[in-house]
Amino acid sequence: MPAPIRVLFFASARDAVGCAERTLPCAEEGWTEAILWEHLLGAFPALVPLRASVRLAKNHEYLMAGSRIFPGDEVALIPPVSGG
Amino acid sequence: MPAPIRVLFFASARDAVGCAERTLPCAEEGWTEAILWEHLLGAFPALVPLRASVRLAKNHEYLMAGSRIFPGDEVALIPPVSGG
Amino acid sequence: MDIAIALTPDPIQPPIHSPGRETGAVLEFQGLVRGSEGEVAISALQYEVYEPMAGKVLREILEKLGAAHPCQAVTVIHRYGLVPVGEPAIFVRVESAHRGEGLALLEEFMKQLKTAVPIWKVASVKC
Amino acid sequence: MDIAIALTPDPIQPPIHSPGRETGAVLEFQGLVRGSEGEVAISALQYEVYEPMAGKVLREILEKLGAAHPCQAVTVIHRYGLVPVGEPAIFVRVESAHRGEGLALLEEFMKQLKTAVPIWKVASVKC
């Protein structure tokens, strides 16, 4: 059985979901960004209103167009940042 | 007899003239900038090559177009500045 | 370009700095927590950081900016957790030969920080 | 906008600073004497100042810039006489609500300083 992906929620995404971290089982052949979002919104409907403003990161880098997510990856939901 | 004008020389103007300060007798009715320069260049021919780059100040302000210099004024020769 | 980055929950202590012989410009920026948000007086802001990614993104931004605006050294310290009003949430120091590169780098860095680095103001503490 | 200006032959000591509750950005700039002029190594630069006029022009520049880029406080210290390599000839601090005004004011101030304020580098001391 493939390793799950680890999903981290920050700031408003964490508030919406109510936790900082969850795991999702992921198919061996991996997921596109669109499929990952389907799974995320299915598991956490509270994310729906954030979908348009949240960027995804994989293993500490913003997800590039066309990237896939594989078992064992660390995915993070990055709401609009406000550092400084 | 009217008070003289006090002329201050800075940086390259001081080097050219060889002194930091001189006085020039000035007519009671004052001088235009052009007349002042005539007197300065007559008294200090070493200023001729600096004429184009030197600005004049009167009583701690850059001379405005059309201003006159009167007896008792402090005039300064301001070569291109290089502070900072 | 020397790059030093720190993310810390502690009050920011600007590191001692000894510029090189060819350093002509030292720029320091501190972003302080202001005492009000909209009309409401506050006493502190809570910052959250995704630490490994923030460190990585900060470094990438600075490396790219250093190629565009060659400077000698950049130090960035961002605080997280609760930051009281009047204290810096961020400190940036840029050393360069001339001020032009330093100002350009600092300005561009702050813009990119505020669009790309995973750090958030998550809450404020009312007075 | 609070304006503080000093011209001094002594090493620059940045004054202690306690920003107000609404200060969100503190920018500090130091212009240091670099260790070479062209290809020649130097140990110091000699600055000359026309003190009463320099103070007056600095204030006028800052008052105009404060109207265009509203900041809360600006401090300018320019040293004259012999300034050794590695030491600041000028220190500028700008306090503002947001960094944009502060950066704009600092940048424009330095440009005008270098065209209008009667201060000169008059000599360098070779190593």
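We just call them A, B, C and D in the order they show up, numbering each chain from 1.
The rule is short, and it goes like this: a contact is a pair of C-beta atoms (placed from the backbone, for glycine too) under 8 Å apart; a residue touches a chain by one contact, two chains touch by 3 or more.
Not measured: the values here are computed from a predicted model.
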| item | value |
| --- | --- |
| Centroid comparison with subunit C (C-alpha atoms), farthest chain | B |
| Subunit B and subunit D, separation of their C-alpha mean positions in angstrom | 27 |
| Interchain centroid distance [CA atoms averaged], subunit B/subunit C, Å | 49 |
| Interchain centroid distance [CA atoms averaged], subunit A/subunit B, Å | 73 |
| Whole-Å gap between the CA centroids of subunit C and subunit D | 22 |
| Subunit A residues counted as touching two or more neighbouring chains | none |
| For subunit C, residues that touch 2 or more chains besides their own | 31, 110 |
| Contacting chain pairs - touch in the sense defined above | A-C, B-D, C-D |
| Footprint of subunit B on subunit D - complex, ascending | 31, 47-50, 52-54, 56-57, 78, 89-90, 110, 113-122 |
| Residues on subunit D engaged by subunit C in the complex (per definition of touch) | 19, 21-36, 85-86, 88, 97, 99, 103, 106-107, 110 |
| Contacting residues of subunit A [partner subunit C, same complex] | 8, 10-11, 57, 60-62, 76, 78-79, 81-84 |
